[in-house]
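Quick one: the structure is below, and I'll ask about it shortly.
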Amino acid sequence: MKLPAPVSFAVGLVPALAAGWLLFPRLLYRTEAQPLAFNHKAHAEGGMACTDCHAVAENGRFAGLPSTESCAGCHAEKGESKTINALVASYVEPGREVPWLVHARQPDNVYFPHAPHVTTGKLACTRCHGPEGESTTPRAYQVNRLSGYSRDLWGPSMTRAGRKEWQGMKMSDCIHCHRAGGRESACLDCHK
Amino acid sequence: MDDTLIGRGLRRTTLPRFLLWLVPWAALLALGVYAVYLCFAVGLNQTNMDNRFAFGLWIYLDLTVIALGAGAFFTGFLLYILKKKELKAVINSAVVIGFICYSGAVGILMVDVGQPLRAWFTFWHPNVHSMLTEVTFCLTLYLSVLAIEYAPLVLKNRRVKEVPGALVLEHQLHKVMVVFAGIGTLLSFFHQGSLGGLYGVLRGNPFAFRTHIGIWPTTFFLFILSAAAVGPSFVLLTTWLVGKVSKKRLVSPEVFQTLAKISGSLLLVYVVLKGIDSLIWINTASAKTGVQVSSFYAHPPFGTWVLFAEVVLLGLVPAALLLSRRVRARTGLLVLAATMACAGVVLNRYVMTIQTLALPSLPFDSFLSYSPSWQETAAFLAVLGYGVLLYSISFRWLNLFPEERELATKG
Amino acid sequence: MHTTKHSSTLPAHRYTLVVDLDRCTGCGACGTACAVENNIPPANEKATERTGTVWMRVLEAPASSAAGGPTTFVPIPCQQCDNPPCVDVCPQRAIEYDPRTGIVGQIPVRCLGCRYCMVACPYHTRSFNWWSPEWPAGMESTLNPDVSVRTRGVVEKCNFCVQRLQAARAKASAAGQKEIDPADYVPACVEACPSRALYFGDAADEKSEVAVLSKDGESFRLLAALGTGPKVFYRSSDPVVRERLSRTGVTRG
Amino acid sequence: MKLELSRRDLFLAGGGAVAGIALSPVPWKLLDDLAIWTQQPSTPTPRPAGPLAFRHTSCSLCPASCGLKARCFGAQPVGFSAVPGHPASDGGLCPLGLTAHHLAKHPFRATLPERVSGGKRERIDRAAAVATLSAALAACGKNPKRIFAVVDGRPGRSLSRTWRALATATGGLYVTPPAAGASRSLEALGKRFDGGSLALGVDFSKARRVVSFGTPVLTDAGTPGLLARLRAESRRRPAAERIEVIQVEATRSRGAALADRFVPIAPGTEAAFALGLAHVLLDEKLADAAFLAARTSGLDEFASLAARFAPALVEQKTGVPAGVVTALARDLAASLPALVLGGDPASAPLSAEAEAAIASLNLLLGAPFGPLPVRADAPREADGDAKLASATPFDALPDGSVGLLLLDATVAEGLVPWERLKRALSDGALVVSLSPFRAGLGEKATLLLPGPAPLEAMLELEGPSDAPLSTLALAPALLLPPKDLPLPEEIVREATAAAGLSLPAPSSGRAAALLASKRGRIYDPSAASFEPLAGIASVDALAELFARGACWIDDAAPEPKGRFALLREGEAPRLLEAALGAPSALPARLTTLPRESVSAAPPSLLLTKLTRETTLFTPPAAANASAARA
Amino acid sequence: MLPGNTDFIVDPAHLIFLGVFALVLVTVVGTLAYAIVSARRAVARGQAASILWHEEFEELPASAKACRHDLTGETPGRRCERAFDCKGCETHARLVAEAKPLPSIDAGGFFVLADRLYHRGHAWLKQEEDGTVTLGLDDLATRLVGKSAALDLPAVGERLAENGPAFRLKAGKARVRVVSPVTGEVVETGSQGMGFLLRVKPDGPLDTRALLSGREAAAFFGRERDRLQLVLSAAHGVPALADGGDLVGDLSSAIPAEDRDRVLGEMLLEA
């Protein structure tokens, strides 16, 4: 029996599609666990604002992650939960900084100042970071094996189609937003 | 196997002798490949180029071989567009030489850049105001066109044409060759020009900077013209050389004479225009930038003899020789004249590359020298080795000179 | 849309460097501070003065007269031309003239290392990274996090410490101000010069020190006749030095 | 039913696969990632080690002790700038200081004791180091040909007291290096004062003309760039107020090239030239008569000596045209006060006779107390000083006598040449260096006890001895020393104890001594203001100020009563002989990085870079050494 | 480079430049694609043999391109322009219409059999009674290739195309194909001894207008003998058959080994 042409074609097409859509992302990204199961939601419900821990300093620099010292301000003692025990045992007591894996970390040649966006531009944190503040555990950190950068820069969807406003942090995303706002910039405004 | 690849009726040397002939060229190529490997693995510090001599032997080589390789586009233009039928005798050889020159130049260019992996950025983020962008685009496209023009030669190989469809494809390609010849002419026109423009637009370098005609500096047009002028001369020269080396008559003397006539006429036009351009440059350079033109030639060995040699000795003289019927009648003189014409363009490219960079620009700067490292030289020689290899193989197994068989039969 | 043509109106800022040649002693502090600030790597053992990566080079101009008057030391960073010969020649737009600051920016990650810009620059202020940047173990910790390290095979040059402008802008933003405090934006070389031979500022501000200094009769620009419009001015009280250094020089070798 | 698979099916399936891949993210995402990958530098990625902060301290690399403002991320400094208005440096900072934070990571840095035995260098542990040193200490004093000597590059510190005590305990020598640069001239002049030797400093701001006999006044001398700045600022003032620098030197050094006037002279004829100037000044009655009358003695004798040096003779000796000598002398006299300095730390020092002539010239020009003010030393702890060994000048170190040589970390090879040290050593001597670097003298040591690198420890820094006023900083450390770094001072103490000798406890009373003196003012760099020392309440408050990078500066000292001797007993014949003698050979000159020669640390790799990659510098010796080894 | 890319610049210079680039690229790719597609189509239409023959014919020396009516002296000096495809030739049609039936003529030294039709590639064709045709090598070719020649005949069932290769033969170093005078399917393979080499079932009614017979064939052989002389003399610079006499029986032995390929190729019309 001879195979009909569409069948032969499909024999090649279907596995290729499956490999491309299902296998490829697994091969491309490596998942790494966060050091601590930090609960953003619990902190937010406790009445804390994003800027209590992630603040723009007076000199315009963004102090991205709180220091262990500031964590220890509330969590100096073990006891409340496993995570807090881990925090105290592994970081507070030895005086080490927590090696958080930062989803939004940009390539080394990128300069992203928070102050013009947050203070002057009045952008909400969620505009770029999404509902991170509502999470109860930190999302797994996925690293692109080729580029070594966080998957968040590209966005969770492989196609970038139908992504939310806060998903994706590529240069084109920056430029789109800037152009939409009529704010042209030079290369060296965002590159160092 | 070997003898069934050689075109019917063509006498070629024995395979062992042929392989022996290839050995030195292959060795040259291998050494060059090693040098290129060093440049990729260790970096361009393997060269003797530096921040002041940012272009060196390689760019000079590129400019030169592309000028000499212009025979391909110009012969194609004359044959397919202007219907100069007698040039059919050399078109195949011209295409192979063109392909060798262009692929060699592109290859060297890839080694010459610091980050070859990013070379495609030029296509993705082109700056169309840059002459180098034009060069990159045209070179890439024209190399593809040359590859397409090369394909029929391979398809007509005695064994390949036995493959069903090979000769049919060749037949169809031949039918559309006029399109490729036309495109090749257009592309060559622009990149020969933009290679000239490469230096002509250097506003910061009064020695190289030229006034504009339209949007292009005059060197743009001078490069096109000089390349078109020496292209036929180089085809003549290589054909003669191949004939000498292989001890065969490859084309009839009329072909040489046609090539010489074309080359001579164009060279004459070029020399006249180059002279006018030089006069304009001499009178504007000092006026605009406060530099006496004589000071460009005050640094030995780059005396005014360079200009004289370029325009008169290796320009006007070969043009006159090539146009003289009596000279054309004597192969020896003809070859000498063609050699001089080619040497003139080689010198012109040398001056544009090396002297331009060697001259000081800041008032407290000094004249610089540069000599290529062995790695640069080896890479340069690799192109020569690669060229001879590819040409030898093509000459043995492809029918480069359609007249050869008939000339051999005539005895 | 991006524009490549320079704005015909004067830029909002014209960051300008004025070098007082009378003061320069050739101590090299500017070049050192520049290297520290901009993460310029230590020299490769085979590097020479022609293959090194130096953004701020101090050249020695010969004595002003046969009698041997004072030698002039000429610090030469990128001249930040208003009409830069390098921008137009870059095949892939790795160089950009920012009309709002007048700074000619080089983007090393875009650069393919063809070095055409180096050929085009008459001031020879561009460096190609002939070697991979290497620091001895542990010394990476002293690198300035505000500047990324450039890889081998690309061209780099001075950008008036644009990272300090970025920082100044962020600081102004944090304080809710539109304009930066001029004191916050001083390139490393200017900050370091012990004999205070370097002045930096915004010449668009008519009252600024650089605007005043760059316009007086003692100031001149290198290769002014070429029409490149540098924003680095040199000044000297000695008319001989001024005349000598402002020439387009093709000296006898 | 048999399935027939033809080539056509294979092609179709292949086509399907290609279409499937094309319709999946694979090619597009890969293209994007590969594009990013090609832009990935294979280079270190600098990341901030913490929030940005500025901290102040002082540079310890040379005696100038410039104020440093460190730009730090977390605890890591990434760059320095000068501190405008700082009493020691007035906003100057040289290339050495700008790279001080690199030195702790220098490839020559040593963090463990090293011993050279049998030509082989090996790392040893603390106990072995103590044992080696204590054995050597114990052997000292028994044999007069194998004595103990300690060389201290910065005398006067609290640590210096320990070294003096050690020298006392072992019956050895406490050696101090010769004065550097301009200080030699000042010393020569100070010794001519009849009211006891005077300490003089240089105040360039008070001079109108500066004559330098080879001293790199424009490129170096005290505060970096100070004279160049002062001179340039004066250029736009009326002609009479301009500062002019005249360099008198055998070779066209960088300083000579920069000077307003360069007077090339035959090498070794400085004395003749200075006396020639004196001749014109006295002959034409251009000298500062009032100063000569009030503050000097021996004018007649000196005048008769100077009378021998008519410009014609000077021309013959020095090669300087007579007219130039005369014109220079007249110019000096026309713009008093003028100042004459001699000697270069990086080349051979001037002869004592030349320094004597230069000192006399300064007197003729009335330089003392104006451009050459009197300065008092910074207060020190006085207790028990009399019991400690006093300083032996480096030149007086006896040959072939030292069995154990201890080189403090502050000893710079530029002032204490190894060749000279080697001559002092007896066979099989143990040379102990406390340098944190396996370079310079540290490389020569047979026992290296590496200490904290620059900026890794709190340091007691006095300004240079040629500064117009004394300064003192107890400069805070910026960097953490490596973990388990055995502190050399502790090893020495342990070894001393093991050898059965006793040392007084380490002292930290400098701040208290300073406070007790109630002299001077203290500069707080974070506030950029001065505060009288008298206003500081306690030693703790003072210590806290110092910990913030503060610097103390002395008050101007009163003009002392007394006279300078233009010529001292029996000096005239020596001077005459030296000045009329044959010129000596051209000294082998080293043009170096500013202060390279007087810094004990090797230059940062970035300075080596500038040496290699610019034409500005000729390679300093240390950079050459690192190049050879790299 | 592409619109939609964030870095795409809209200004006339870029648009013109990229437009020209795109145009050139499209032209190059389009033309190449056109050539490939039309080549495929030609193969699919069975035009391969014809194209091959025309390409070869183009490269034949002028002496091999004589018109059949030149052979007989009807149109002296006429060169064939149609690659011996006389079927569509108007001149041929006109002359054939005028011509009387051709008598059988005996050509000295060659057997020109009346029942055979000769192709100028030196294959003959004989119409059999069962509607098939048999093919063989003519006398000149047989003597040229010699007895030791190895034949490479197509298998039964393979298809031949008029002017396409019928079979290949190998004589010493020489390799040459013999052109088929007919289009059809091979139904039987023979051998030199069997009197034929291939039996072919032609497609449809046989059209033999392009083949030679009788007087034409005799003239052709005379002409070919002269041509062979030329071809042979070219290699040695001396005329063979200087006596103008008959050819020797085994021509192959008279041809130097290194020239055999060229001589065979020229005589069997393979360029």
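Odds and ends about this structure:
A, B, C, D and E are the chain letters, set down in written order, and residue numbers restart from 1 in every chain.
Quick note on the criterion: a contact is a pair of C-beta atoms (placed from the backbone, for glycine too) under 8 Å apart; a residue touches a chain by one contact, two chains touch by 3 or more.
Please read all numbers here as calculations on a predicted model, not as lab measurements.
Chains touching both chain A and chain D: C. With centres taken as mean C-alpha coordinates, the chain found closest to the middle of all protein C-alpha atoms is C. Compared with chain A, the chain whose C-alpha mean position is the greatest distance off is E.
Seen from the Cα centre of chain B, the chain whose own Cα centre is farthest off is D.
Per-chain Cα centroids separate chain A from chain B by 53 Å. Rounded to a whole number, the gap between the C-alpha centres of chain B and chain D is 61 angstrom.
Rounded to a whole number, the gap between the C-alpha centres of chain A and chain C is 37 angstrom.
Centroids of chain B and chain C (each the mean of its C-alpha atoms) stand 39 Å apart. For chain D, the set of residues touching two or more other chains reads 39-41, 45-46. Contacts with at least two other chains are made by residues 2, 4, 48, 51-52, 59-60, 93, 109-110, 132, 147-149, 151-152 of chain C. Residues of chain A in contact with two or more other chains: 57, 59, 61, 108-109.
By the touch criterion stated above, chain A contacts chain D in their complex at residues 1-3, 5, 8-17, 19-21, 24-25, 28, 57, 59, 61, 63, 67, 107-109, 144, 146-149, 154, 158-159. On the chain C side of its complex with chain D, the touching residues are 20, 22-29, 31-33, 35-37, 39-43, 45, 47-49, 51-54, 57-60, 63, 68, 70-71, 73, 109-110, 132-133, 135-145, 147-152, 188, 191-197, 237. Of all residues in chain B, only 43-45, 49-55, 112-116, 118-119, 121-122, 124-127, 129-133, 136, 198, 201-207, 288-292, 295-296, 298-300, 356-357, 359-368 touch chain C in the complex they form. Interface residues of chain D, counted against chain C in their complex, comprise 39-49, 73, 76-82, 91-95, 98-99, 101-102, 105-107, 218-219, 223-226, 228-229, 231-232, 235-236, 252, 254, 257-260, 262, 593-594, 605-617, 627, 630. In the complex of the two chains, the chain A residues touching chain C come out as 56-61, 108-109, 111, 113-116, 119-120, 184, 186-189, 191-192.
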